[in-house]
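In what comes next, chain A is part of two complexes: it sits with chain B in the first one and with chain C in the second one.
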Partner chain A sequence: MAVSQDAQPHVLIDKPAVPTGAGGLSAWKGGMILITALLALPLAVIVASVFWPDKATWSHLADTVLADYVINSALLAIGVGVGTFILGTGTAWLLSVCEFPGRRIFEWALLLPLAMPAYIIAYTYTGLLDVAGPVQSSLRALTGWSVGDYPFPEIRSLGGAILMLTLVLYPYVYMLTRAAFLEQSSSALNVARSLGLGPWAMFRRVALPLARPSIVAGLSLAIMETLADYGTVQYFGIPTLTTGIFRTWFGLDDIIAAAQLSALLLTFIFTVIIIERLSRRQARYHHHGSWQARPSFKLRRGQATLAFIACALPLGLGFIVPSAQLLAWSLEVTPTRDLGEFAVLASRSVGLAGLTAILALLLALFLAYGHRLMPGRLTFTINRIAGMGYALPGTVIAVGVIIPFAAFDNTLDTWLRDQFGVSSGLLLSGTVAALVFAYLVRFLAVSLNTVEAGLGRIRPSMDDAARSMGANAGLTLWRVHIPLIRGSLLTAALLVFVDVLKELPATLVLRPFDFNTLAVRAFELASDERLRDAALPALAIVAAGLIPVILVSRSITRARGNEGSISSRDPIDE
Partner chain B sequence: MSRIFPLATLALATAGLGLAGCSENAEQNGDTTADQGATTLSVYSARKEDLIAPLLDRFTDETGIEVQLLTAKAGALLSRLESEGRNTPADVLITVDAGNLQRAKEADVFQPIESDALTDRIPANLRDVDNQWFGLSQRARVIFTHMENVEEGAITSYAELADPKFKGKICIRSSDNVYNQSLVASLIAEHGEEWTEEWATGLVENMARKPQGGDTDQIRAVAAGECDIAVANTYYYGSLQNGSDTDRKAADAVRLAWPNQDDRGAHVNVSGAGMVAASDKTEAVTQLLEFLTTEASQEWYAQVNNEFPVLPGARASETLAQWGEFKADDLNLSTLGELNPAAVKLMDRAGWQ
Partner chain C sequence: MSERLSLVDLTVRFGRTTAVEGVNLKLPTGVIGCLLGPSGCGKTSILRTVAGFESPSAGVVRLHGNTVAGAGWGHPPEQRRVGMIFQDLALFPHLTVADNIGFGLPKKPAENRQKRIDELLELVGLPGMGKRYPHHMSGGQQQRVAIARALAPRPEILLLDEPFSSLDVELRDTLPRELRDILREAETTALLVTHDQAEAFAMADIVGVMQAGRLHQWDTAYNLYHRPETPFVADFIGQGTRIAGTMVGPGRVKTELGLLEGQVSHEYPPGTEVDVLVRPDDVIIDADGAGVAEIEERVFRGANFLYTLALPGGTRLLSLAPSHDHYAPGVRVNLRPAFTHLVLFPRGGASCHADSDDD
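Moving on to the complex of A and B:
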């Protein structure tokens, strides 16, 4: 266990043993570069347009709205960062070491807001809380006040957007942090306890610093998703870099200036990642402890009530209240489509999400393990670039996919027509393959961050042991690492699955003809200002996300148990 | 690990099942370039599925021509059309707002259609001069006032929205919205940039709240008393009038004020369509557009989405009829597209979020 860089006894053997097959490794590295180059292609297309001739839009933006865009995006990112950190780590800690009523249910239920698309929760809360909504209307009817007589917080504000995004994004931090807490060596905690630390001091001084890579992984997911959000800020009327990109692109008809804004967004997120990594310097965060029972605090009645409220609040506000509102709305209207069509929509959504989740998991394992085998700036940079798509809005990614895919199709078609007089038409454009590729570009960061955080907790001496027994890199991954980080792998697949289920802008423009999904259906109705009609498909998205959330979180809990027992039998352990 | 694999197999199996449905479509895509029989038309539409698919189904019933549909946002669809170039499967682009239609024309993704039926039925200001796009339904962007707090006739023009006597009284949505951009473009066309920028600055001063929400939200805010005056498209008012009890109450609490009835008329815009440049199915596409301008189709637009027909004499729905006759601005709608970037920059300078 290492809290800071000078407290790590194993620093000398930190690099895994010299690989047996150097040729295999360079092929591995080549594969990493190839994958990243492919995934970065849409980003490159966007960023490259920065160098096209300028229409002088940029100076107009700089003179008028650019400062607002940057400041609002920064405030939003900071606000959601702080909010998800507090909710995510706080609940994760309570549920890891404290005993209080309801704990078993909260363990998985706290993940449920994950299934709620951000723009849907924004629509529901606005419907509830804005000046014409039931809450304020009943308040006025009850008191005889009229609008303006009483103070009421404005939901459609920067603060409101921070709250909405925090409520649906904190599960990233919760999920990854809790995984870290559960995998943390309990000896560190027991030592801390024997030194007289209470649960709060232990949380602050031992558990949090130890879980830093996982917390950062979760936070950076939440922040990137926030920076890429379009639906919520657009509905709330907050000018940010993403709304600016769309306004510049479609309103000012200037795709170049829009690309420049996208590049600015990318620079922004890349800087944050680098600063965090530099501040970590050489510190490593593997477990070294033996696997004794984790300390557990039985909370007294008052404390238990507080802990219960702390967990019930995000669950209630992030899931129960909006779901109840959606349910109420969907009961108000008679559905325009029959349920058979719903089954088709749901099966397509689930199919796309499942396929992407598996592919993203495989790619993430390949890239993350490559970095473990060959630590260094190159592999670190490669992996960060591969995950950059998460910070860009889906429409930008979609256009980044359309342009090179159509160019490839058209070039091939032209060549075939010239050479053989046959036409291949569009091979890739408008297919499910193009759509899944766009999903991978957009969501690889989710699985990559999660898998990296999992691998980071396994100390390198495990690799050395396996390798000294003659296992090559692939076999070591297969026999040692994958079983050890099974929980992280399931988490990674689940997060991507739910993200794809909710994804809208790329799905909208890249899907084949007559190919609807739940998210498309919900959006079409909601954007037509028919919230009540949109409620049913929105509920279906939530329901489709719910089942895997529950299944996976249960099997993660089981997997964690096994991970503990594997390590306790580990002869190298201490 | 043993637990990952059953899960993975399950997920792969569902993925296969779920995606199986799309292979048929992929095949249909394939024959669009080769097929001269023209039995299938491919439509890219920025109109929502519910607001176009039923009409396309009727077209198929009448003509036997199958139609496949892809709906998405206007800007993204245009990017896809441009990138796909001559191999695009699309034959028709349907989109809302003249600005988007004009942009598609400027991007060279349309080709002209020669049809006397279309030019006879659609008034000249609602279609492109080169017959590259045709307006298919109209909506007006009008002013709504609070039934009690504002006297009838207190505001009669867009210009008055900037009048200081309405300080803190006006609700209007964000300038990101293309309907607002088109409204401002129409003011630029009428009064010039300088006047319009002053007007926009005055309007920003008069706003009751930071721009937010959609058009329906602005009408609801007037009904609730948060502001006295709102700007919104007519069909949103229509859907409130035909909505739930709460919606109908909100609609009853506001009054529709037709702007500029003594001079150029209320600002109108269209949803419309054009034939994609790469398509060779001229006959079928012409048939489709002509079908969309028949009396029955035009009445459908009015009935289903409370839009005004472009075909003079087509019967309006009951909802539309009760709003009464009004004078519409006959500005050529191509102008809106041309002035759109200028309108956006102007709103940026005026501080209209």
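Moving on to the complex of A and C:
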């Protein structure tokens, strides 16, 4: 690099050796490729497993339990699909066009069950509906029957699992469908009404077809969560693909077959994703501008009561009843011994979730800003791949992480022993590092999407302005972008934090020996029928889960406050 | 070395499209230049290449005698000391006016920084308004903040990308002249990009007319109007039409209007078919009626009328006439040529010598 001495001080080099900003940028791009390659490793391992030589396990599985796994997973998905469709679209419609008491509260409160992880609601209802539980006890006290005199449905069944998952997953359908109803051209609805359609006919013949892409999106989220669920079906003892993966891995000790089962599960999940994409592409049901008053039906007393019950039921069963039960159990057992253990669990969970949230945020900023600096197909594809882990269930990620990590550990250990006669033991697998890596694979998409959305709202001229005033790419990020998207960054970190706190299957398998988190402990205690002891950690998880729900419901109420007019000169975020 | 900016054979391509092709220009220190042209003509690409947001595909960019960009390379914008005013102003909404202006200044020493900020607030006529936030200011005030912010680090050159396009109509009238005074006072070298002739002529000492990536002429406003070098410039700047003619000798052209004589823009051999540019003030309507040209249309312009006239051969001309004597459409009149010089182009109208580099 020849710096000409007598040149003007402002231009350093007369003829540079490198093209425009290339040095830093190509390193940045290299970093993006490396990160994405690492994050895609588990998925690559699962896909590759399909081509690995088959031991006898696979044919054994095929002869025995495989059909059960597939049928149960499919029934579960269909059942939850139907259930969330009815609850989600029904409540969304009532709250979009009908006037009845409590409507304003239901609008956001119907999201609350999202805070309740399925495995927690499952064990709560098991306790509630148990022979010795409060429901059956009161029933016997009222009727004078004794145990065995009366038929009582078994909650620990496929139907029970469908019910539990429906109660906590319907908010996905509710949320997206309601937004679609509100965005629909109100003139279309007004025309329908002027043609003599009542609320029911309008719902069936106009609103529902118009909202189809959003409904399908909500359903696909609910079904993906259902297929990924491990805690509920394991607790209820239902053999599905997720429980089958762990059973094959630990019961039959065949991780390759477990990976192949994972690949089968992924086929189902990607099918759901593809169906969702197709339905979105087929039709663009965009509304055009006008915010006329949308039709509003004032319900008569009888109808209003029915509408109230229709909204109160999912809210009550999906959130209020199980939370109350958890609270009651927690208050029953709070000896100081438990509180000490709880504090340890909570600090572990918070530490783990906090660490992952910060790392995910940094990676998301690195990737999203990298795409902004170097827009193009390559960086776009890199970021989409980095966000793909969200489609992978925790069980599948656990398999996908443990295979390469164990292989690395074994190779290193063997090599060290051969060369130096020392053993490195397990360097990666079974450590917190492996666990955090698995979380990042699964949850990076959450922070990446949030950060990308935030950056997308900053006009490109802001970058150019900062650059022209002497700030390089890094300084521009620090002085312009980060302050402008503070709110998005906080949201991104919070969402990942809560997701990690709730995560069960990957944590269960990948955690270091004797390392417990709130989720793992709650699940273990519940599995040991120590429902009361499990209540406090479970309640803590539910409380944390409320954070994102509050964030979403706040944006709903805010959108209601100032529909439409947001000045472009206003500060971009918050 | 009085050239602050010079572009040599600058070509900028994006994929298969060529945005800028073989542009040469020199901008002397302290001069305000302007690139004028319809949207998509490549003027903004030149500005972004000078700033460092794009790299040339061929040619070089020199700032103050130093080559800062060449084919496929360029110094990053942050090392060029180039100030830029953006179409949307791009003020940082999270910073106060003072912090916006101070963005490009070193943090320390704080007194110097504050002094420079106050100086600029004074310069742009916003003294004492440093504590406000940009979104609490009017459009014109925001514009001034953007100017102060760009000038604060004392850039080598100030680049302005359609700086008035986001303003109200009244401001678009007064602000260009105000901005020109501010730039004069700060002795700034500036390059402006616009599609609006009024803006270009109000602001710039020297104007370049661009079309389809080419710079047709880089000249004073007077020369662009009176001595256009290409038919495009002749059509784009001011009003006028072209009529057919044949060279009959040096400085002599035979046309439908009769034999025109005068100083010609370009000499062609006798017999060459040419087009003669006729501005509305180049032909005078003679009061005597029963002439060759028919009044087709007239537009009242206050002090004068703008007439559209049809010659027997079908050619149309424009003529300005004082509004106290007027002619109704359909009336036949005589025309008297009043050319001070003749602007000639070879017949066909295709651009001939697009590149000009005359200082």
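In the analysis below, the second predicted complex is superposed on the first by the 305 of 574 C-alpha atoms of A that agree within 3 Å, B and C clash if a C-alpha of one lies under 4 Å from a C-alpha of the other, contacts with A are read in each partner's own complex, and residues count from 1 in each chain.
By our rule, contacts are C-beta pairs under 8 Å (C-beta built on N, C-alpha and C of every residue); 3 or more make two chains touch, one makes a residue touch a chain.
Not measured: the values here are computed from a predicted model.
> Just checking: does A:429 make contact with chain B only, chain C only, both, or neither of them? Give me first, second, both or neither.
So A:429 only meets chain B here.
> Looking at A:81, would you say it contacts chain B, chain C, both, or neither? Reply first, second, both or neither.
neither
> Once chain A of both complexes is superposed, is A:147 in touch with chain B (first), chain C (second), both, or neither?
first
> A:459 contacts which: chain B (first), chain C (second), both, neither?
In the superposition, A:459 contacts chain C only.
> Once the structures are superposed on A, label A:480 by its partner contacts, choosing first (chain B), second (chain C), both or neither.
second
> According to the stated criteria, A:132 is in contact with first (chain B), second (chain C), both, or neither; which is it?
first
> By the touch definition at the top of the document, which applies to A:395: first (chain B), second (chain C), both, or neither?
First partner only.
> Using the superposition on chain A described above, determine whether A:113 touches chain B (first), chain C (second), both, or neither.
In the superposed model, A:113 contacts neither chain B nor chain C.
> When the two structures are overlaid on chain A, which partner does A:322 contact: first (chain B), second (chain C), both, or neither?
neither
> Which touches a greater number of chain A residues, chain B or chain C?
Counted on chain A, the partner with more touching residues turns out to be B.
> Where on chain A do chain B and chain C both make contact?
483
> Taking the touch rule as given, give the residues of chain A at its contact with chain B in the complex, in rising order.
Contact set of chain A toward chain B: 60-61, 64-65, 68, 126, 130-132, 136-137, 146-148, 154, 156-157, 234-237, 239, 243, 246-247, 249-255, 332, 336, 344, 347-352, 354-355, 357-358, 395, 398-399, 402-403, 405-407, 409-410, 413, 423, 425-426, 429-432, 482-483, 486, 489-490, 493, 497, 505, 508-509, 511-516, 520, 524-525, 527-530, 532, 551-552, 555, 558-559.
> Would you tell me which residues of chain C are touching chain A in their complex?
51-53, 55, 63-70, 72-84, 86-90, 92-94, 103-104, 134-135, 149-150, 152-153, 156, 159
> Give every residue of chain A touching chain C within the complex, in rising order.
Listed in rising order, the residues of chain A that touch chain C are 7-8, 10-16, 18-21, 459, 461-462, 464-472, 479-480, 483-484, 567, 569-572.
> Please name which positions on chain B make contact with chain A in the complex.
So the residues of chain B touching chain A come out as 1, 3-4, 7-8, 11-12, 14-19, 21-22, 25-26, 28-30, 32-34, 42, 48-51, 68-77, 79-80, 83-89, 103, 173-174, 176, 178, 181, 209-217, 220-221, 223-226, 236, 239, 244, 250, 340-341, 344-345, 348-349, 353.
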